[in-house]
Amino acid sequence: MIKEELNKKKEEAELGFGTKNYNESVRFLNRDGTVNVKRKDSKNHIGFDLYHWLLGITWKQFIALVFISYVGVNTLFALVYFSIGADKFGGLELYSGSEKFSQLFFFSAQTLTTVGYGHIFPNSVSTSSVSAIESMLGLMGFALVTGLLYGRFSKPKADIQYSDKAVIAPFRDHVGFMFRIANKKQNELIEIECQIGFAYNDPVTKKRAFHFLELERNRINFLPLSWTIVHPIDDKSPIYGLTEENFHLGDAEFVILVKAINDTYFQTVYSRMSYKADEIEWNAKFIPVPQTPHKNGSISININDLHEYKKL
Amino acid sequence: MIKEELNKKKEEAELGFGTKNYNESVRFLNRDGTVNVKRKDSKNHIGFDLYHWLLGITWKQFIALVFISYVGVNTLFALVYFSIGADKFGGLELYSGSEKFSQLFFFSAQTLTTVGYGHIFPNSVSTSSVSAIESMLGLMGFALVTGLLYGRFSKPKADIQYSDKAVIAPFRDHVGFMFRIANKKQNELIEIECQIGFAYNDPVTKKRAFHFLELERNRINFLPLSWTIVHPIDDKSPIYGLTEENFHLGDAEFVILVKAINDTYFQTVYSRMSYKADEIEWNAKFIPVPQTPHKNGSISININDLHEYKKL
Amino acid sequence: MIKEELNKKKEEAELGFGTKNYNESVRFLNRDGTVNVKRKDSKNHIGFDLYHWLLGITWKQFIALVFISYVGVNTLFALVYFSIGADKFGGLELYSGSEKFSQLFFFSAQTLTTVGYGHIFPNSVSTSSVSAIESMLGLMGFALVTGLLYGRFSKPKADIQYSDKAVIAPFRDHVGFMFRIANKKQNELIEIECQIGFAYNDPVTKKRAFHFLELERNRINFLPLSWTIVHPIDDKSPIYGLTEENFHLGDAEFVILVKAINDTYFQTVYSRMSYKADEIEWNAKFIPVPQTPHKNGSISININDLHEYKKL
Amino acid sequence: MIKEELNKKKEEAELGFGTKNYNESVRFLNRDGTVNVKRKDSKNHIGFDLYHWLLGITWKQFIALVFISYVGVNTLFALVYFSIGADKFGGLELYSGSEKFSQLFFFSAQTLTTVGYGHIFPNSVSTSSVSAIESMLGLMGFALVTGLLYGRFSKPKADIQYSDKAVIAPFRDHVGFMFRIANKKQNELIEIECQIGFAYNDPVTKKRAFHFLELERNRINFLPLSWTIVHPIDDKSPIYGLTEENFHLGDAEFVILVKAINDTYFQTVYSRMSYKADEIEWNAKFIPVPQTPHKNGSISININDLHEYKKL
């Protein structure tokens, strides 16, 4: 059998996903590049990392969180001030009881943001002490929030557009596994590298095998247009001889890691993606992305053309 | 024919610019290193990235934008305050109607910047609430603006001066493609590396071919003076046998990528540049950059001397 | 003798720990990865680096330090204001002597944090000058504190869980030195690399010898589950032929360096660890970490299972 | 002659310092690692980079500059306010003419730092507009200053202590060029690499030749103690056969580049240094740095012992 031979001659690779053969279909990487593994801890909820969580939530969630915290902290301080006594503040004499509380809430906001209008002001040691602490906490709290805000805003990303489907297309004398990528952003990527791992439930060894796939070219210098990444399926390839049915039965997954330099801050960025068996078109070919030259010597492309292929 | 032979024996390189042979002359990299390709998207204006845009605009544009936003936001909040009612503020009693609006504009500015003099102050729940939100937005907005300001200010750059022209000069037993670079800044660059790609419309294959050019030396440790980067045009070179006329007809372009470590923050920085056929002098030779030693053991150069060459 | 042969055929490595053979047992790396060497200087306490110290102290210490500094600086400025004269301030007329001091303390806090309510204000050149300086120092001081706060908060870490024990387990035809690692955090690590150095007091040469150990695999692409790092103890290994007793007598230490890319900011992070002789189980085998597949295609593990082994 | 032979068989290296043979003695790198080359520009003072200058000046200069700018900017705004008219401010009625100016100076300081007490406040459109601009400029200016302050504070450094002298000491069957380094700071350096270039005015070719020197070991994993870097002067070495007199006549310089990872932020840092002929001891040998083991398993060294050598 061809697969037995394959298992003999191909050295297995290790992507870090283990070799367990699941009965159910699993997906190691989601299409958005997130890793589909949950790590737990018997003692506490594992590895909850506030910083990464605050960087990872959506903008809507982040803004809501900031707003709720702002109202919450001010309510808390208003309660403290109110319990110490509204008479320990100058400027509150004319307000009624419930008005006093709302004025103390706004005094707290004016202290936390250090705007400090001063029409209300603490005039005892106790209230002055609390507001001295509040203004210090305000400075530090807002520094954290604005640091996170800027951190979220400036977070480096490899905004890679992957073609919706990968194809098995003719390549040189054989066929090749191919997909295309393009840069979705205006800034440029340089020194782009690609690695492909192939995960497959081997029907013979009953283990999940991983292999790195050799690429026709695994690195380019610039990515202004699109790049077709090709794994030639020749007799040295671990997927040589496998059919579309094998891919489905073996729960095949192509795990992709793209590395590049973002030229804004010259940071190294990574992008991950995977193709499962049902995202691969057999006997199809990508249609070249039209490149339009302009009078001024520039060229333009439409990156949605990246997904276009035709059945052969 | 010599070019046919070349096409057979030279492996083509891939710089990420595709292999399409345009009828019109194109330039992949502009002389300032920007990539001459526009990426579009059929749905929306592609990859508009506010952060990179704000880092990329000129200082004049950036300052104008900040100023206009500042006036705009304050006008907006002044309108909100005015529509709630100027009588909901303390300190505005003596002002006339239009004066009230301008005073509320300045109250807004004092709140946004958290300067909060307090001669005008909100004395109702509605106006206090809006100003509590405004001071919070002010803190966060200014944090973004100043983050961007500092980000622009501290952005790492490889400020490389390239010689105006490249030359084809005698080198060892043959000739070589040469250009010179120097560091335009006072801080030092270390571990400087250079790669040259050559793009050429091949008259035989009718395709745009790309080749990497081997360099006499592709890395130096320091760049205190100037560095002459040399591609020897011997029989292993893909441009061996090409003439000045071939360069013009084939729309030749030398695409250059320089990588270095900036020694202020030890960041890796990149610089890009390209030479087209009309920026190359044939049978010319660079004049060595005069190096003046000083009594204290130091040496000085004038980096404008980098451009000097003489015809042979 | 087998150890004499070993010394002849194995090239010694250099980890930077020297070759001195101590009579007492030493540990180069603590289990938490800190280096167990103190560097001194005959003149002053060496290399005290305020910045790294402030990043390294615990959160409790950091907060206490900030609070104490805040109180201390305000007390200092209050003393300066008080010695200049409380009559040089507006708004203090009604307060008694000691109340004046506490009010000046709070005025200082309001100036330092730039909250500036203004019910107390400097009304002479001397007090205005000092408060102008204080508000400037306040801005800069809080910037440093909040920079440090954010620096501490966003500090990249490789939060690697190492198995409590390393084991000497059967591996292929021989045995192998093995330990396991997993990622303790929710964010992912990519391109994980491992190096192992082996330190041993050689009874023949009477020197401390260091050797790098070859690994079955020294790099994986992802670490979503666990990774068992294996040094095969075959006849090419510098620890081939050594027994458990040799390990104890020779004060053996396995020094581990793990390098990875943290995928939040794509930063390279490092983790260090060491195993001493009494942290190694002979003739034991790790129990595979149970991987639970879920209906949605995801997999979960419990990283506490990393430590489980059984004696053979 | 031996030197003629050397020139034939040794390939010249390129450190980026050119090959000009100066009649006067030059030093490429100062002992503190700064590059001893001045780059000029015929048009303007070349490459003045405010950011790098502000990071490079001493703390004393930086603080003086901030203080002078603070006083200067406030004086400027005080002049603007005074020329618009002190009657356009509330709270100044009781002050005399010159007192009005000093009060406006302090009002400016309170606006720039956003402390805004409010006992003086702008009450016309003109003065309110200027102070609205001032508070905005204040926020942005202080953000730049505090960014620089933190940038200076957190700047990564490889604080390497080099031995005062390099020695030519016996090494294996020949001699070797050796010097020692240690880490001057408490934080650790990992993956330390070293490169040595040798610059020499060749008496035969009359050119300044550069050679890279092969090291016994060019990389270590940790640097907790000291590291003796050794270039073996065997018959493959470009300095084989040269004498102490040759070094002085040829204006020899050993140019050193050390690269390491600082383990606080896992940043790559570089350190540069050079040894000239009169900083090299012939027939001397370093005295091993005493390592003191402690009861708790730790080891301590005194890095001043790094400089100790004895003549043979």
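Miscellaneous remarks
Letters are used for the chains, namely A, B, C and D, taken in the order the chains are written, and counting of residues starts over at 1 for each.
What we mean here is this: a contact is a pair of C-beta atoms (placed from the backbone, for glycine too) under 8 Å apart; a residue touches a chain by one contact, two chains touch by 3 or more.
None of the values given here were measured: they were computed from a predicted structure.
Shared contact partners of chain C and chain D are A, B. The copies chain B and chain D differ by a rotation of 90 degrees on their C-alpha atoms, rounded to the nearest 5.
Interface comparison, A-B versus A-D: the higher count of C-beta contacts falls to A-B. Farthest chain from chain D, judged by C-alpha centroids: A. More than half of the residue-numbered contact pairs at C-D reappear in one of the options B-C, B-D or A-D, namely B-D.
For the touching copies chain A and chain C, the fraction of interface residue numbers used by both falls below half; the interface is of the different-residue type.
The geometric centre of chain A is 26 Å away from that of chain B, both derived from CA atoms. Taking each chain's centre as the average of its CA atoms, chain A and chain D sit 37 Å apart. Shared interface positions of chain B, i.e. residues touching 2 or more other chains, are given as 110, 114-118, 147.
Per the touch definition, chain C reaches chain A in the complex via residues 66, 70, 74, 102-103, 106, 109-110, 113-119, 142, 145-147, 149-150, 153-154, 159, 182-188, 190, 192, 217, 220-227, 261, 263-266, 288, 291, 293, 295, 297-304. Residues of chain B touching chain A in their complex: 14-18, 20, 22-28, 35-43, 46-49, 51-53, 55-56, 90, 110-111, 114-118, 121-123, 125, 128-129, 131-132, 135-136, 138-140, 143-144, 147, 151, 155-156, 195, 197, 255, 257, 267-270, 272.
Across the complex, chain C meets chain B through its residues 114, 116-118.
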